[in-house]
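Each of the next two complexes has chain A plus one more chain, namely chain B in the first and chain C in the second.
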Partner chain A sequence: MELLLEKIRDRIKVNFDLKDSKFNMNERRIDLYIDKKSISSILFYLKEQMGFKHLMHASVVDWLEEGELEVIFLLWAPKEKISVFVKTRLDRENAKMDNLDMIWPQLNTYEREFKEMYGIEFEGLEAPDEFILEDWDGPPPMRRDFDTAAFAKDVYSERTGREDAKDVRETIAKRSGEEIPDFAKKYSR
Partner chain B sequence: MKREKATTLYFGPQHPGITGNMMVRLKVEGDTIVHARTEVGYLHRAFEKLAERRNWIQTFTLMCRFCVPEPDPVEASYARAVEKVAGIEIPERAKWIRVLVLELARISSLMLWHAGQGHSLGLYTMGQWSVGDRNYILDLFEELTGGRIYHMYIWPGGVRKDFPEGFGDKVLHTMDYIEKRLDEYNDLMFNNSIFQKRTQGVGYISQEKVIERGVVGQPLRACGIKSDIRIDDPYEAYDKIKFNVPTQTGGDIWARALVRKEEIRESISIIRQVIENIPKGDVYTKLPNPQKWTIPKGDAFARTESVRGEVGMYVASDGGNKPRRVHFRGAAYVHAITLLEDVLVGANIADVSAIMNSLGTCPPEIER
Partner chain C sequence: MYYDKTQDRLTEIIKNFARKHSLWILAYGTGCGAIEVPATMTSRYDAERLGVRGAATPRQADVLLITGYLTVKTLKRVIRVYEQMQDPKYVIGFGSCAINGGMYWDSYNTIKQLDLYLPVDVYISGCMPRPEAVLQGFGKLQSLIKEGKADGARKYKDELDYYRGNQQKIIKNWDFPDYNW
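So, the complex of A and B:
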């Protein structure tokens, strides 16, 4: 197993600019850290030359503190039964990378979602329609610095009957002229 | 001036033939579809965003809500992904119980599919029978987990509790009943000439296309490809259980229906093997206080074979007590968008609902 993973790592290293790699023998998995410029050629190479035919998943993780978005492609080689996690990092302020849906057509859906939710620009992506968000002109909502509470306060109004008190128990008690029990008072805002 | 021949038809989001809150915008010429575009956005509940603000165990309670017809594979994927990142080994008995729950969920979901596929072609009795019989499975879930639809039972570390007294016998009794009913389902649906005529040669997908599109589950197996995560990348106790992976070569709705029909029998066989061979022992590994439980920095992906095909959960930890990222991949993410848009072109508008049901389109899996 280790030999097989090393062989994959070495072949990638010879042909591409590999930043780092990590093995996980229990999971039969190898992580490849690469520059975004090489992403399309590496994915194409892994699919066509190394047997990683199946795109299991693709994801984005927002590393806000480091100012970067990590894009991950999870591939599976059905014959060798091993997985590879291809990871690349994008600058949060200038999140751009190549469109990759010519390699796996289903990546088109992922890219549409990442564009809306994380603000990643996929150069060459043909997706004129909105995906999940409708008429959205705010910041990408899945980024970690998107303040959901502030957004909700700004867009939606308080439900009628709650203007006088934030806590519904207080409102109900006031209406019916009752006292809030002591044990509940400590939970009231 | 050239006249536009095509008419735009909005199929959904509120439509008796649709599989949930989504819409397919169709362009039709006469009764033939010339273009299809899936539109989602009616159901987004930001579960993945919520997960980033809740601790690892609070997040677990959100997971089953991704998909109503079959919530267990989602929570099983989350539990295994968390266990992988945290390095938790679960007891052997818990692995067998998870198999039992996943297979019961499989049968329950396949019975709902009988209803959906039957309804889409006007066979309403099928749904009344299968949804009625499904209640016996829900009774088992209620006794085991406390919930009929959402179970929140397969959690990181194992399962919440062991079998109640006499549970194994009840499961076997229910399986005997369902097995007998399958012959009656066969007469009602599969031997029905309307069902045969409306499904044979309809919604065809070629083997090349399923491979190119990354299709999983029955649509893949109905094209003659023997692929099942339970065998290809076994998890829990599946490597200790013998079962077949049914396949067909037709690639149409009929072939997908035949695959599903056989899969119920395989699930019944798996459940009987679990009851016969389940080892004794603990059902969970004790975890730290959920409020203080931190998981080392890292990430993992866990896949589970659901009724709709392979589903998976990607989990990333930054070393804290909340997930940095939880990202679910459902089979419908491919089946209901790029694949459906492709398959519908050239189809008759009367077949849209039947095609959607046969592909296992589940909108909450897309929006999450």
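So, the complex of A and C:
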């Protein structure tokens, strides 16, 4: 196992510009930290040469404090039953990346989602502008500096009367002349 | 005897009696509450004995169940569906999301107060309401219909400007038809 993962790491290291790597033996996985320039060639190499045929998932993490967005591709090799996480970092202010949907066509959907939810621009992506959000003209909503509570308070009016979120069961019980049973009292806030 | 429209007339009482015993709900599930509807309809709780049953299209339906949170995108469709339904029509707000936003109180894309956009006759509290609560809500709606108080559809026509104003505040790219009812 360890030898296999090390072999993969070494082959990537020889052929490409590898920043860092991390092993996770329990989950049979290896994390590769790479530059965004070599992402397409590494994904191609892993798919065609190393047997990582299956794209499990693609995801984005917003590192607000470091001013970066991390794009993660989760690959799986069905034969060896190991996975590799390819991680690359983009500048938060100018998040641009190459389009990768020629490697796995299903990446097209992920890229549309990243574009809408995180504002990452994929150069050469051919897809309609709108994905899930309809008529959205605010900032990308999944970025961490987007304050959803303030936005919701601003746009959607709140029902008045329960701002303090108090336990109102006693008031209701008094009003309707009922008693709160003992077993229910312990659930009081 | 003179003709008074505001008085409860015998025909209206008979009509309301018929309406309250044949509530057809539109098979349109929004949010997660739609999962409680099959449980309410099937053998254990058997809502059909009260005259509550499903209808396939908006034009055949009497009741619109808003079963949970509504995003702006869904709200647009729900308003279109509601306007296509024929009188008499009633709206039931279902679960805490329809009442005050529920657990989506800070979501960027869900409305928090349904009765700003559609006239709601009955709210059912709970997250989610059990089938017993749903049946109680239908019972409440039936008693309102019997008393002639379930007049959400009339309210919607009378105060269309109020509802349209609220809807247009959050729905961009407005492409609704103008009605002349």
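Operating definition for what follows: the second predicted complex is superposed on the first by the 156 of 189 C-alpha atoms of A that agree within 3 Å, B and C clash if a C-alpha of one lies under 4 Å from a C-alpha of the other, contacts with A are read in each partner's own complex, and residues count from 1 in each chain.
Assume a residue touches a chain if its C-beta (ideal position, glycine included) is under 8 Å from a C-beta of that chain, and two chains touch if they have at least 3 such contacts.
Note that the coordinates shown come from a computational prediction; the quantities given were computed from them, not determined experimentally.
**Q** First (chain B), second (chain C), both or neither: which does A:Thr148 touch?
**A** After superposing on A, A:Thr148 lies in contact with both chain B and chain C.
**Q** With both complexes superposed on chain A, which partner does A:Met56 reach: first (chain B), second (chain C), both or neither?
**A** Touch status of A:Met56: first partner only.
**Q** Now for A:Glu134: first (chain B), second (chain C), both, or neither, which partner does it touch?
**A** both
**Q** Which partner, chain B or chain C, is in contact with more residues of chain A?
**A** B
**Q** Now for A:Asp182: first (chain B), second (chain C), both, or neither, which partner does it touch?
**A** neither
**Q** What is the contact status of A:Pro78 with respect to chain B (first) and chain C (second): first, second, both, or neither?
**A** The first partner, chain B, only.
**Q** Identify the partner contact of A:Glu27: answer first if only chain B is touched, second if only chain C is, both if each is, neither if none is.
**A** Touch status of A:Glu27: first partner only.
**Q** So, does A:Glu93 touch the first partner chain B, the second partner chain C, both, or neither?
**A** A:Glu93 sits against neither chain B nor chain C.
**Q** Which partner does A:Thr109 reach: the first (chain B), the second (chain C), both, or neither?
**A** In the superposition, A:Thr109 touches chain B alone.
**Q** Need the overlap of the two footprints on chain A, from chain B and from chain C, as residue ranges.
**A** Of chain A, residues 133-134, 141, 148 contact chain B in one complex and chain C in the other.
**Q** Under the stated contact criterion, what part of chain B meets chain A in this complex?
**A** These residues of chain B touch chain A: 37, 39-41, 44, 46, 48-49, 52, 84, 211-214, 227, 232-233, 299-301, 303, 310, 312, 314, 316, 324-325, 327, 329, 333-334, 337-338, 367.
**Q** Which residues, counting only chain A, touch chain B once they are in their complex?
**A** 27, 53-57, 59-62, 72, 74, 76, 78, 81, 83, 85, 104-106, 108-109, 129-134, 141-142, 144, 148
**Q** Touching chain A in the complex: which residues of chain C?
**A** 72-73, 76, 99-101, 105-113, 116, 170-173
**Q** Give every residue of chain A touching chain C within the complex, in rising order.
**A** For chain A paired with chain C, touching residues are 133-135, 137-138, 141, 146, 148-149, 151-152, 155-159, 162.
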